[in-house]
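Some structures are shown below for you to check.
Below are two complexes that have chain A in common, paired first with chain B and then with chain C.
Coming up: the complex of A and B.
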């Protein structure tokens, strides 16, 4: 019986996960979401620049559709917070497949908050180079991006005409799925151009970011879907991340229960094996 | 031929490597201008990598189709996806390929309803495999494995709201694990990685590491 349970067909485990996640999605049980200090730091930095003339935040979309469920809610929340505080937002992408996601986030929030393209926000699109693009932006923003995604000159748009270089932004937030935060932004933008940087990343990448948080190279971090839900709580909006906390909690619980059951079976089996080997030895001796 | 295949790339790597490092430390406008020029060149060269990537992908799958290798049907989808997306992007809802992508066209629809949905689903499937792997392999066989297991359970619970419901201090304990032991281990690993990267860069600049030249180098 125990051997059978230890070698259970993995499709049963898939079924448990499916049923658990589906049940959590269908039965709304409100869970308390407490924003962590790392998430609050990003939120508070944006709050601190409101009221400043020409306050502008640069949002870099450095992720693909695979990370959309985790990072898109944070992007939407940050744009919403900026628009509500009359802070200008400039979007760009270091990943080519982020362009559609960035546009979707900007379109939905700007429509809801009544913000105007070119005056309150703009999207610069994707450009190759990654590190070298950051270096170009650090020296001459209009040289690096002379036109936006729609072909408007950045030196003429009210949202970007006051931006001379990367350091002109009041805050830069990178939404990154891979190694873009530490491999590109921290190394080249923060250390060289002394910008203030906040990050949002997938849960699987976030443990790598803690050394940069402690050193102050990253002033805040929104980590995974849980971080996105915390940010939604701070901007007082219930979005897909907040709704995602129930199925995610269910999935985590099922995984933990699986670990406990798996280990219980393992120890019971091990004890039996030991007993059998001891009794086998005694029989041989007698 | 040896000059073009070996000597010239080594000279370029050496000169550009030394220049790129030097200009970082020269506080003069000429160095800044040169840096900007070089980084623009770099971006242009990087753009060509996309063409190389496409060629490599299509060449690989053409080989699979030719040999009728196991799973060749997936290669048909690669070609199908490539041709359909490329056609939709060039057509660009009637505006042509020389302007920014228009909204509401076939490409937009395919991106949102096929690419985004499929890619996000691929990532979501991980949850099923993690649960299965956790049940089968995450065993407290040794003291180290037990510590790892307990830490993993605390982090998994502390990261979601249900953890705080079970025990109020769970998120704080999780945060401590991330801020102290995790951070210390990560810092050690990162220092090693970056020292290794510096060593590799120096080996390339001085022509000791030549594997990037390909062939028998």
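Coming up: the complex of A and C.
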């Protein structure tokens, strides 16, 4: 029995997790979501700039469809918060695959909140270069992005005409799946141009970001689906991240139980093996 | 591949499930035969094809995998062509009223870019070195000072400040760290260098430090100093890891183990989040089983 459990086909584990996640989705049991201080910092920074003339937030979409479940809800929540507070939003992408995702997020929220393209928000699209693009934006924003994704001149649109350089934005938030937070934004934008930077990352990369929170190079961090759910709680909406918390908890419970069972079986088996080898030695001696 | 029974099962089961459920959704008119509807069916089919790999490798998975690579490459190429090459290079050079003087900033990098491509022509591959030398020179010049400033110097202050009381923090952790080193040294001298560090001593020492810090109200940030010092000791290979050095490096190993554990936990969370995203699509958009 123990041997069977120790050598269980991993496909059974996949099936348990699949069934657990599906069951939690089909019969949801609402769990309390308490926003952490790192998530609150991003939220409060945006709240603090409302009412400021021409308050503008830059959102950098640095992720692809593979990270959509974790980062798209955060993007939607941040855009929604800005629009509700009449804060202008400028979107850009350092990843080519982020273009469609950014457009989807902007289109759905701007339609729901009744915001106008070019006046309340714009999307600049994707540009290559990462580091050189950030350096260009730091010196001359209109030079780096002469036109937006739709071909409008950034120097003529009401949403961007007052932006001279990166430092003109009241807050910059990067939604990143890879190393763009620390490799690009923190290293080249924060330390060189002294911008205020918030981040949203996948859960995989978030442990790497904690040193930057401690040093203040990042003023807040929304990490993974849990962070996105916390942000949805703060903006008082029930999106896909909040709905994803119950299945997430169910899957974690199954994994924890599997780890406990696996370890228990391992130690029981080890004890048996030792006993057998001791009795075997005694028999050989006698 | 189809000779493998697992592969055959995966192919037929996943294809069958997809076809049966899609026909059902079309029959009950949950999904219409529009562009959006076909998009949902395609996405559901490809998701199931990729999930089929969890059972066994099979042709459905291979088709979806290759399709993804091809589509992603073509999408990236089209996007770069329209948003970068056409918008920032071709149009300004050929279809604008800019003077030659204004165009130098585009022409020089373009020439360097073309020289890079020369690498694929053996006879002229040496020309690419000119561009590479520029890339390496610019890259090193721009990144070395930036990395030293942001990744090293900016991190030193918050590592030391709470422990040394620079920002009104508590000096307690410094004393705790010194006591830790002293205890490790004394015990190592008494035990003739062998502390039994593979057993109880390392974790106990670490737990004591954690508990003292917790009850003294010293912030978690202060523990960073102990962690940094201990892990640096572990990676200091010029001295044999025995006695006090061995004791502290063992504490470093425990810090590393906790970090790996936290990292693994976050990774599990991320992967489950991706599964949830796909499940929300399958059960919601495709099968309409979730309440919105």
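To be clear about the criterion, the second predicted complex is superposed on the first by the 286 of 286 C-alpha atoms of A that agree within 3 Å, B and C clash if a C-alpha of one lies under 4 Å from a C-alpha of the other, contacts with A are read in each partner's own complex, and residues count from 1 in each chain.
Keep in mind that, in the parts below, contacts are C-beta pairs under 8 Å (C-beta built on N, C-alpha and C of every residue); 3 or more make two chains touch, one makes a residue touch a chain.
Quick caveat: nothing in here was measured; it's all calculated off a predicted structure.
After superposition onto chain A, the modelled positions of chain B and chain C overlap sterically. Once the two complexes are overlaid on the shared chain, A:191 sits against chain C while remaining clear of chain B. When the two structures are aligned on the shared chain, A:285 is found in touch with neither chain B nor chain C.
With both structures placed on the common chain, the touch criterion links A:25 to chain C but leaves chain B unconnected. When the two structures are aligned on the shared chain, A:69 is found in touch with chain B and with chain C. In the superposed model, A:111 lies in contact with neither chain B nor chain C. Of the two partner chains placed around the shared chain by superposition, chain B and chain C are both touched by A:251.
Looking at the superposition, the partner that touches the larger set of chain A residues, chain B or chain C, turns out to be B. Applying the stated contact rule after C-alpha superposition, one finds that A:4 touches neither chain B nor chain C. Within the superposed three-chain model, A:240 lies in touch with chain C and out of touch with chain B [touch as defined at top].
Once the two complexes are overlaid on the shared chain, A:217 sits against chain C while remaining clear of chain B. After superposition on chain A, the stretch of chain B whose C-alpha atoms clash with chain C is 4-12, while the remaining options among 4-12, 22-30, 58-66 or 166-174 stay clear. Within chain A, the residues touching chain B in one complex and chain C in the other are 14, 17-18, 21, 66-69, 97, 99, 125, 127-128, 131, 135, 149, 182, 203, 206-207, 211, 214, 223-224, 226, 248, 251-252, 255. On the chain C side of its complex with chain A, the touching residues are 54-55, 72, 75-76, 79-80, 83-84, 87-88, 142-143, 146-147, 149-151, 154-155, 157-158, 221, 224, 259, 262-263, 266-270, 272-280, 283, 289-290.
Those residues of chain B that touch chain A in the shared complex are 32, 35-36, 38-40, 42-43, 46-47, 49-50, 99-101, 103, 108, 111-112, 115-120, 122-124, 127-128, 130-132, 134-136, 138-140, 149, 152-153, 156-157, 159-162, 164-165, 171, 175, 178-179, 182-183, 186-187, 190. Across the complex, chain A meets chain B through its residues 8, 10, 13-14, 16-18, 21, 31-34, 36-37, 64-69, 97, 99-101, 103-104, 125, 127-133, 135-136, 139-140, 143, 149-151, 182, 203, 206-208, 210-211, 213-214, 223-224, 226, 229, 245, 248-249, 251-256, 258-259, 261-263, 266-267. Taken in their complex, chain A has these residues touching chain C: 11, 14, 17-18, 21-22, 25-26, 66-70, 96-97, 99, 125-128, 131, 135, 146-147, 149, 182, 186-188, 190-192, 202-204, 206-207, 211, 214-217, 223-226, 240, 243-244, 247-248, 251-252, 255.
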